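Read through the structure below, which is laid out as structure tokens, and then see the notes.
Chain lettering (A, B, C, D and E) follows the sequence in which the chains are written, and residue indices restart at 1 in each chain.
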Amino acid sequence: MTLLEVCDLTVTFGRHRRPALDGVCFSLDAGCRLGVIGESGSGKTVTALAVMGLLPEYARVSGTVELAGHQITQLSESGLARLRGDVVSMVFQEPMTALDPTMRVGRQVAEVLRLHAGAESGPARAAVVRMLAEVGLSDPDRVADAYPHQLSGGQRQRVILAMALINAPDLVICDEPTTALDVTVQATVLAKLDEVLEASGAACLFISHDLAVVSQVCDQVVVMLDGRIVETGSVADLFANPQHPYTKGLVAAAQLDAATPGQRLPVVEDFYQPDAGAKR
Amino acid sequence: MSADLFRTERLTRRYHNDGREVPALTDVDLRIAPGARLGIVGESGSGKSTLVRLLAGLDRPTSGRVWFEGTQITALPERRRGFLRASVQMVFQDPRSSLNPRMRVGDIITEPLRSRLLRPQLDGLDHRTRLAEVLAAVDLEPDAADRYPHEFSGGQRQRIAIARALAPKPEVLIADEPVSALDVSVRAQVLNLLTDLVAAEGLSLIVVSHDLLVVRHLCDELAVMRAGRIVESGPTEQVYTHPSTEYTAALLAAIPRIRTGPGEPGASR
Amino acid sequence: TDGGGATPAQAKTLVVGATLEPASMDAWHNPDASIPQVLLYNVYETLVKVDSDGALKPLLAQAWEISPDRLTYTFHLNPAAKFASGNPVNAAAVVANLDRMKADAKLTGTLQAQLAPIASYSALDEHQVQIKLTHPSLMWLYDLTTTVGMILDPAFSGDLNNATAGSGPYAFASHDKGQSVTLAANTAYWGTPARFDKVVFRYFLDPNAENAAMLSGDLDIISNLQAPDALAQFSDTSRFTVINGTTNGEVVLGLNHTTKALKDLKVRQALTMAIDRKALLDTAWNGQGTLIGSMSVPTDPWYEDLTATNAYNPQKAKQLLKEAGYANGLTLRLRVPVVPYAVKSAQFVASQLRDVGVTVKVDELEFARWIPEVFTKGDYDMTIVAHTEPRDFGKFANPKYYWHYDSKKFQQLYANADAASDEAQAVAGMKASLRYLADDAAAIWLFALPNLVITKNTITGLPANASSLSFDLTSIASR
Amino acid sequence: MKKAQLIAGLLLVGVVTLAAVVSLFWTPFDPIQVVPGQRLQPPGPVHWLGTDGFGIDIFSRMLVGARTTLLVGIISVGLAAVIGAPLGMLAGQAGGWIDDVVMRISDVVYALPALLLAMLLASVFGASTLTAMVSIGVASIPAFARVARAGTLQVMAADYVLAARASGTSRWGIAGRHVAPNIAPVLGVQSSVGFAMAILAEAALSYLGLATPRPNPTWGNMLRDAQDYIFVAPLQAVWPGLAIALAVLGFNLLGDGLRDYLDPRLREVA
Amino acid sequence: MQLAGRILKRLGVFVVSLVGASVLIFVITQALPGDVAQTLLGTQATPDEVAQLRAQLGLDRPLIVQYLDWFGHVLVGDFGVSHLSGDSVISLLLPRLAVTMWLVGLSMVGSLLLAVPAGMVAALKRRSWQGVLVSASAQAGMAIPVFWGGILAVMVFAVWLRWLPANGYVPLSENPASWARHLVMPVVTLSVVQAAVLIRYVRTALVEVLNEDYYRTARAIGWRPMGALLRHGLRNAAISLVTVLGLQVSSVLVGAIVVESVFNLPGLGSLLLTAVAQRDLLVVQGTVMFLVLAVLVISALVDFSYVLIDPRQRAVQEGR
């Protein structure tokens, strides 16, 4: 069953600028994990925001985004608000800034419940602590009473994950959720994400420019370049056997461990030359 | 003794945060030979940046000493650190925040040349020609000099930062997380550039990173830090293949690798 | 039962708007005119008072006699008069007051000067007091109508700053600092009873605030409208009555007679002729006030219209200046205190003197600075200030006074007039002195300040002129 | 949008400046000559904005007033900026006890009523536009010092300052090349706000006889004079009031517009 | 222990600031020409009499002695006696202080009540006409002199409609209803004028919040824009706003002096004006000391309030 269907999505910021997204089409089945890769500025975040309906109001959007039977681009702000956090949720890149620094994280997680389920604070608290434990926090009670600044990056990132999962959404969007973490923490967070996604059966749109990370989380991948999707395929196929020259370059450049130390690394430009002027 | 490029002795740096002490660096003894390519790795907050800032003379230690080419620099007043400033240059993690948004690229790159401290060392260096040289060295168009940092991509910005570091013809380049803010496609470019430059100019290189693969690619020696101390050091390949501490082993194990083979998805396996 | 429309006993309050707030209630040690404004005649009574037209009237003294040599005054006290405390106002009380003041070294300078002519005094009997002067003085009896004549209950021993003990129809009740002074009716008053249970003097720093309070019905009376241009606001005769009388305040363009150019009569005349004072009054003071030609106002017994002396004539002014050797111009400093009539007049004067080739540099000074610099040190060429004390032209006879007007002729004229042995002769002498001042252009008299009082239509009995420092409540009633 | 702000600001400030410049050479009537018979004329073909209580053409006075008003704003804000901004930068860059001392002094000055200073200056030098400008300027120093310090602290924390230090740039170099340009925009905004305050403060001071003496017109003292005629001729108050409002608005728009325009990062963003 | 140390240091700085302020105040007031002896004696007195009175009042002593005498007493809470009325400065100050505190305090609250909602609209709708309208009216409001607004309010509400008394003051303890009626207009006037300035800052602070990640997070979990801003924006914006508010207090105090004169309120402003005019220097010094003290206390409170608003300030920071 198709959960998310994005069709011919085009997004433009400002009158005289190149579209940030240019006719993007893809679809995602319930319970599936789709990775989105591409260099910085290729439109990954814009895609995610379009699905969330969180694009700034001055963005001009055409095309359709259909999520669980709702036309996102047609919905009112309150209609969107009902979906967000319930049907679709998002895990943001920066664990340092994505949480309100003035509110205890337990309350922030509970808010998600209260906004959608109308839960009382008593039972909500229990649910929050349970969820925090589920995302692998060993001391969920203490964490719930902590302010964001009292937690480490990895802990914060897991709190955000808990916020995204607590309402058992159909779709979780992760926008570069681990770039701010160091490797060891990243590994545990990714492992936990994999585990809870598995358990809840939620679908996932996973955005990253780190191919290795995507390859560990996802089964399908789309490759974006300058606001367009240039290649789609399963993780195994695409990384083993990239077709588009850009993808080839990306895969080659990403494999640091494959190169001999000190030797020249392959770069994208070795495989793919953008047409003059297209790239600034 | 004076054969060392850098030598530190019981180097300690504690920060005071509202009265509480944070031991960022504790009793670090380190020797770096001229021409070395040293990588410093470790988890976030382990004191890597603190260590290199002390080496570059941008901060003063709480206790302990630092020698650069046989001269003890810890006690030296700022105005007598010209030789250090001329010889040691730094590249920072975030190319966005390390470039002044209100200065033109040309001015940013030539700023070190205008320093009064460095002038004696850089006698007769013409700013315009040097600018053109370093821009060429980092593979940027000459007209880049007239533009502002925000007009460049992340990779280009990092190249501008490198060009600035190269301008005063340093002997040592210290790079604090030079590629962690860049995406993979750009990372390769910058790493290539650094490799080439180090080879071409005969630079000594000190690279800080939490990414072991980056360090392995650039450096022949490795120091692993944890909680303000160096817990392991040695030739890169040796540490990489035969880590002697559990911590290093964990760091190595956590490196994500592209999984191209068939099998169930999931990092846990 | 009570008659028809009589309202139940309701406290009747009169609210009067005023500008300067007294710092204390002690008029003997504080020269502030704001104190007698509240207390004189209302709380403290004098032997003799001056009425709206400037005439002397009996108050505590039913009658008085002056000896032919004008040196001995005998006052016959009203036997009914008593203090608020119930003690009688008798000859002993008057003598006690004189004793007290004579013995007081801290008494204000004005009072000490006014006591100076007294040679001796004594109680002839219970109700008769005799006072002897060192020399005849026309002014002295007038002085007795002011602060110096106020009779304090000799039994009083409290703090004069915050209490009163007089014989008037009202007594001090409270002082709400920064806001108001409240008087309460003296229920035991010996004369016509007070018509109000309470009189509140509310003080305003900002004239607009005072006008607004009047317009909104919060005030019954504005005791002296600060900006005559605001008069139009009160033109609704169904609500307000405007009383437009005179005051004792002569607005004087003072000339510093030590300034070289101003020593020259021709220059002084020229300056006088260069200023169209009628136009000045119309422009600066909305035409309110009286044009005067010398240091005297219409309520003075010796008043004469002298406005024709050195009348407006710019041609002649230029001519005179040329004759005096200032054909190529003359620069004078006009240093005025920051009070509305002065700054406005200054602007007008500067403009008109410019027309006859006199450059005027206007300098506005805070009053506290005007006193030491202009008044005390005499550091000025011209200044503008209103002289509000009644019958004060004798100041021109004092060469040390800030004008430094040192005319032997005038001093002679004035001394003779004040010491004249009969009243008619004295008045004639005063007229001559005033005429001399005008002819000599000793100063330039711009106009006399109007007494602009606004009342609600329901208020009656206000005196037309402010002939004394008192805001006299005794005749005011409300319908 | 951003451009529109800048242009509107430039336009308004331009009009004020033009009025000031024109008044140097020409006014329709003598701006200080009293005309007794002509007081309080309504606006008409001869006197475009009517005449004031002295029968002087208001339009002429407005033109000349623009000069003083502009001067008061520029000089007092300039004074405050020239002293306050470097002090704030010093405090922010030096830190430690220098920071403490500078900021505490600035606190104390900030707390002192400007009125006292104005009185002092007026009594020593005589009240004039200059003494008013100086006291308003001095009273505004702390605001500039604070804004400059806050901005400096932010800049000093940026990596590019560390980079500059690493390449041997002196304190002065950092102050001049990095701190100053980066705090200039906030100082610009502060200046436009300060300008507005200065115009109004001058009006209040001349009310107390502590600023521009008669007959020289400033919009502030015209507004103060107009209070007397608020019932008789309310328009008297409207002209200078409007002029002050527009000038203040103009400088605010200009300040905001310039900040956005001068920021290279924002220049082409819609 | 550490906290005690910090408080002690803060207190030390505070005291030093006060001493500095006292010197400054003393020097400035003493440098004013004219003196209270002259005011007391009026224009009749001879120079000798003035000199005599000066000696009596102790005004002829060396300045340093006068200063030490004055400040020594101030330290023990004795501000001296008004030469003019003989009242103690404190007894003159306290009732005035109450008036000004009500005026300033209520106006701060009022301006917040106006500026926060308006600032929210201006920030959220900054690209539509509502937001532009709010911003524009704030800009226009800033350009209106306080006294002008006050006079207008009096004309409308006291003179035409007669709903409220034109001016004056009644203490709260005397008659609460009347107290309120007298304060409504001055408070609203001052609030509106201050709000115009404040809106700008609120808007800026909120726009910053709109760009924060946590605001986006709040939207992503299902808050509508206004809800997210109320729940997560205000408190964070408050961190930068309290600084501005602290700064505003001083300008509100200045505005209060004007408003006090328009509405004839017996506050510190009118006390200061008359005392200066009469050169009643002890009253001037006392009043200004109080103003300085108020500003310093408020800036200390602002620092303290960070701790309340921002939990990061409560514990020790982790560093960069």
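The rule we apply is simple: a residue touches a chain if its C-beta (ideal position, glycine included) is under 8 Å from a C-beta of that chain, and two chains touch if they have at least 3 such contacts.
None of the values given here were measured: they were computed from a predicted structure.
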| item | value |
| --- | --- |
| Contacts common to chain B and chain E (chain labels) | A, D |
| Pair of chains joined by more contacts [C-beta pairs], D-E or A-B | A-B |
| Centroid spacing, where centroids are CA-atom means, of chain C and chain D in whole angstrom | 44 |
| Rounded Å distance, chain A centre to chain D centre (Cα mean) | 50 |
| Whole-Å gap between the CA centroids of chain A and chain C | 88 |
| Interface hub residues of chain D, defined as touching at least two other chains | 119, 123, 227, 230 |
| In chain C, residues with contacts to at least two other chains | 208, 366, 369 |
| In the complex with chain D, residue positions of chain C that touch it | 208, 227, 229-230, 232-233, 276, 279-280, 282-284, 338, 340, 343-344, 346-348, 350-352, 354, 362-366, 369 |
| Interface residues, chain A side, partner chain B - complex | 33, 39-41, 153, 181-187, 190-191, 194-195, 198, 209-213, 215-219, 235-236, 239-240, 249-251, 253-257, 259, 261-269, 279-280 |
| Of chain D, residues touching chain C in the complex | 32-34, 36-37, 39, 53-55, 119, 122-123, 126-127, 208-210, 213-215, 227-232 |
| Chain E contact footprint on chain D (complex, rising order) | 100, 104-105, 107-117, 119-120, 123-124, 143, 146, 157, 193, 196-197, 200, 203-204, 223, 227, 230, 237, 241, 244-249, 252-253 |
| List of chain A residues in touch with chain E within their complex | 52, 54, 57-58, 77-78, 81-86, 89-90, 92, 94, 97-103, 111-112, 115-116, 147, 149-150, 160, 163 |
